[in-house]
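Next up, some structures in structure tokens.
In the two assemblies presented below, chain A is common to both, partnered first by chain B and then by chain C.
Presenting the complex of A and B:
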């Protein structure tokens, strides 16, 4: 079943939580809702689930407006961030809740619960009350409960937030397969950009109650709609340098420490503007001094970061740049060094508004809202 | 450190003993009195040593108060039955009305809900006597005076606000997500109320019910004014012990022992719930 949200708004007292949100999720696809806390993600899920009513706008499930339909009539499965297990029922009864609601007979409930429990590796703790379960088991129980009714729409509210790192890593690998087996339309809420990139057919970045960008994970990573999104996606965070676009006979460029960084000629409409240049740390490469346009920097520190090694460098004017390279590759000693900045992957933002300046040829492609 | 903690525990022991003595002594004294005759009770100086007698209890249960000059009929056992009936029924009615109302006040924010909840609480502010005068007249006009129904109705003034405010705090304590989860799983509003909200608020409902029972049991003034002899609870019935020929301290003591027994037993049994329920209500209500 497809899900279509049109112009949804919701305020609590004078606090506008959602302001004109429109989204579409085709049948069987996964949309990741990504945004910082307080962005309105959870409220949006609750509107879809029907536990709170929107002030404005329309929710269509399979093309049918569900305005006024009670939560129990929407055929939705939902996993809450805080699990929201029924504390007075054991794990079995928790998972069985959607099945008892469908008035399945005892044997069907038994087999349904057993199958899911086996799949999620909690079949040995089915007799336990929620408070006797570990966080990971609670999370799996909550997930099993969401899946048990075979819902056509699955809402997952940051289900990996409250589990430990090891389990989060495992579930990141397992969940996509589990979700595709269900063949459900999924909305997955997260604050973790890696989860967002791993799970989403599409990602909707939501902040301050509005959808700032919708696109594939690649779109969001390579062409973030604004400074904020660029900052949120990527670890270590993207480098920002204040620059002014310039142009001469050979093309458009900016100067960093008096070294020329050539840009795409299609930015010529922004010449003379004060801009913020966004450069991913992996596009900052250490090179020898004789390299053309190598920018002199001082290497301040080195931090190993899982599969990467990150160096913190200072430019001649004292601006910080982070350079990331695959772990195990040769890096510079602390002290003077030179970097080459790969301009092809750079993104340029308006300094005042923080909105990405598009190169002229890509304008109107429509992957940015 | 060792000496301080020893000293501390000794001091604490003394303090606790003093408090227990202070609060328990009257009950102990009455307990002893209930096994004595008027003569041994009133002798000077009072003594802890006496020959225990069961005559007080015997006369209460048989309903015949044997004074020095004549035999007096009393209805102590029927009073006790009235107390039990009135309290249990009032609390039952109070729970049936109060628990769903408390849920509504906790979960469904409707216009004026706070005002209505506060109005219900404000019933407890007015001195009972102020309410009683007009109430007596109305009750006589509509034929509710001196009926169990009328008394139970008036007892709701005591019972309902208590249940409402304590249970409301408990309902508010249940994370709304748990109820949402049950709804989304496909269960309706009433099923969610019965299967999720009620069991989770269970301790609070028990505490509120117990407390309401104790308050109803101890009520004196409503029953004094609104009930005649055959509907009176023990609190009012105890007045019969003050007779023309004197005050029967022994029988009063035995009557007190019998009438506090049910609440005493209940409170002992459920003191854990009581403390929990009250403190929760206080914080959240």
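Presenting the complex of A and C:
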């Protein structure tokens, strides 16, 4: 079943929570809703579930408008943050509930519950009542219950939020496959960018009730629509440098600490503009002084970050810039050093609006001279 | 003056009566050197916070001694210990501004008003709270309060700085930036600091040495690099490192010319015997059954090696995480570029002897790292 939202709006009193949200999720695909708390993600899920009504707009499931349809008639599975487990039933009975309702036979119920419990690492607490479960276990029980009935549409509201780091990592690897095996159409809410990139066929970045960007993980990471989105994806956070786009006979360039950095993309429509250059720490590489793009910096600190090592550097103008490299590779001592800012991976934003400036090459093909 | 700034000598903490109550900290001994940054790392309930609170004087020491700067302090009230603290719940004074909260400790010390003002501005800029200096604590967010509390601790002149989850409430983007700044602030001034955290990224980033705790016991106390390369036991090996270390039960068989590690699912890792030290070969001949560990970023994909089947391939922007079925279990690989593997694709993986950790399955203690016997 596909899901299509058109121009959804919702206000509570005078507070506009969603303002004209349109999204489409093809059958069997996962759309991640990503954004800070208060962005309107949970309200959007509640509208789809039919728990609350939109002020405006349309929700279609498999092409059919569900306006007025009761939540239970929408064939939607949900796992929300407040768990909402049946308090008088143990974890097993909670997970089995959708199967029992579908009148599955006992052996099918048993094997279905066991398989999910094992995957979600709660098979040892199936006999426990909700009040005897930790928050992380409650959350996984709710997730197992949502998955058990194999609903065609699944709404998952940050289901791994309270789960500890190690298990969260395992779930990040295993859950997407389970979802695609079930051929479920999924809306998955998270504030963890790694989870968003791992789960999403597409990611919708939502803020202040507005969808700011929809795209594949690749689109969002490599060509974020604005500085805020660029900041939210990536660890360590992307570096920003104030630059002015300049052009001469050889092409478009910027100056960083008086060092010329040539941009291979063509931004000639924005020459002279004050811009923000975004460069991810993994695209800032330490090089020798004689490298053609060597920008002088001072290395202030080195911080190992598991499988990466991060250096905090200062440019000649005192701007902070972070460089990261695979752990175990050679790096600089604290003190003077040189970095190559890999221009091919730079993203240019308008300094005032924070909106990404597209290069002219990306707007058309075959007209590059 | 001795170079040891803090000495924990066989410290125990019982909640309830000694030997009968909950044994939260078990016979912990460690020395922190002047100018060092130490992280107490562990999951909730491991004893790290109890340890820090005993150093601060918020909890009584049940048994053992604590010295700071050569002075036994565990019987002294907190104010006489000359430690600066940024604790969760060790709150700001609500009736004065953030600026006055931060400068309070300096005003009693005969420092000129201009110097105080400059120091406050400097530390506020470092922690990105300049705009909040004239606000009252109740009108700023939890993350801002946390930074104000951190500023108040770091601006003081103390023997020891105790920081309990100092960045727990900050958004991830700010946290990565402040880590580097706080580290250089502490290092430039030669301060000695103890940080409590459950976040290994934070511990790795800030600390010279990490004290890994579990079940009230000190599991290992070493540099981040040493913990990564030479985890003392299976707990430390699988707790520190993200993604976690891959572990597989293995049976060792040693011949004249080869060392072979037989895993489940008919996977045998066979190496020329000279890749392993003679002492380790002797030990493996004795033990036979072991646990083999290898870190995700040390697993190499090669043209020849042991077969594995891709289960998932996730790209996270700056690295790829690959999960594969291997030797009857699950193997995770990390690669630093963008891999394009599909589900069910067959790959062959190679584990270098220098990347292999071997543990005793009974005790969990490390036997070897990189094909060399421990110790």
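By our rule, the second predicted complex is superposed on the first by the 332 of 369 C-alpha atoms of A that agree within 3 Å, B and C clash if a C-alpha of one lies under 4 Å from a C-alpha of the other, contacts with A are read in each partner's own complex, and residues count from 1 in each chain.
Rule of thumb we're sticking to: a residue touches a chain if its C-beta (ideal position, glycine included) is under 8 Å from a C-beta of that chain, and two chains touch if they have at least 3 such contacts.
Computed from a predicted structure; not experimentally measured.
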Chain A superposed: clash or fit between chain B and chain C? fit
With both complexes overlaid on chain A, does A:46 touch chain B (first), chain C (second), both or neither? first
For A:286 in the superposed arrangement: first (chain B), second (chain C), both or neither? neither
Quick check for you: in the superposed arrangement, does A:240 touch first (chain B), second (chain C), both or neither? neither
Going by the contact rule set out at the top, does A:80 touch chain B (first), chain C (second), both, or neither? first
Looking at chain A, which partner touches more of its residues: chain C or chain B? C
Which partner does A:188 contact after superposing on A: first (chain B), second (chain C), both, neither? neither
Classify the contacts of A:88 with the two partner chains as first (chain B alone), second (chain C alone), both, or neither. first
Does chain B (first) or chain C (second) touch A:149, or do both, or does neither? first
Which value, in Å, gives the least CA distance between chain B and chain C in the superposed three-chain arrangement? 16
Chain B and chain C contact sites that coincide on chain A, given as residue numbers: none
Residue ranges of chain A in contact with chain C within the complex: 164-166, 169, 172-174, 176-177, 193-194, 197-198, 217-218, 221, 231-237, 280-282, 300-301, 303-308, 310, 312, 320, 322, 324, 326-327
Along chain B, where are the residues that touch chain A in the complex? 175-178, 180-189, 191, 196, 199-200
So in the complex, which bits of chain C are touching chain A? 43, 172-173, 176-177, 179-181, 183-184, 187, 200-201, 204-206, 224-225, 228, 241-244, 296-297, 311-312, 314-319, 321, 323, 332, 334, 336, 343
Would you pull the chain A residues touching chain B in the complex into a rising list? 46, 49-51, 70-72, 74-78, 80, 82, 84-88, 97-98, 100-102, 145, 148-149
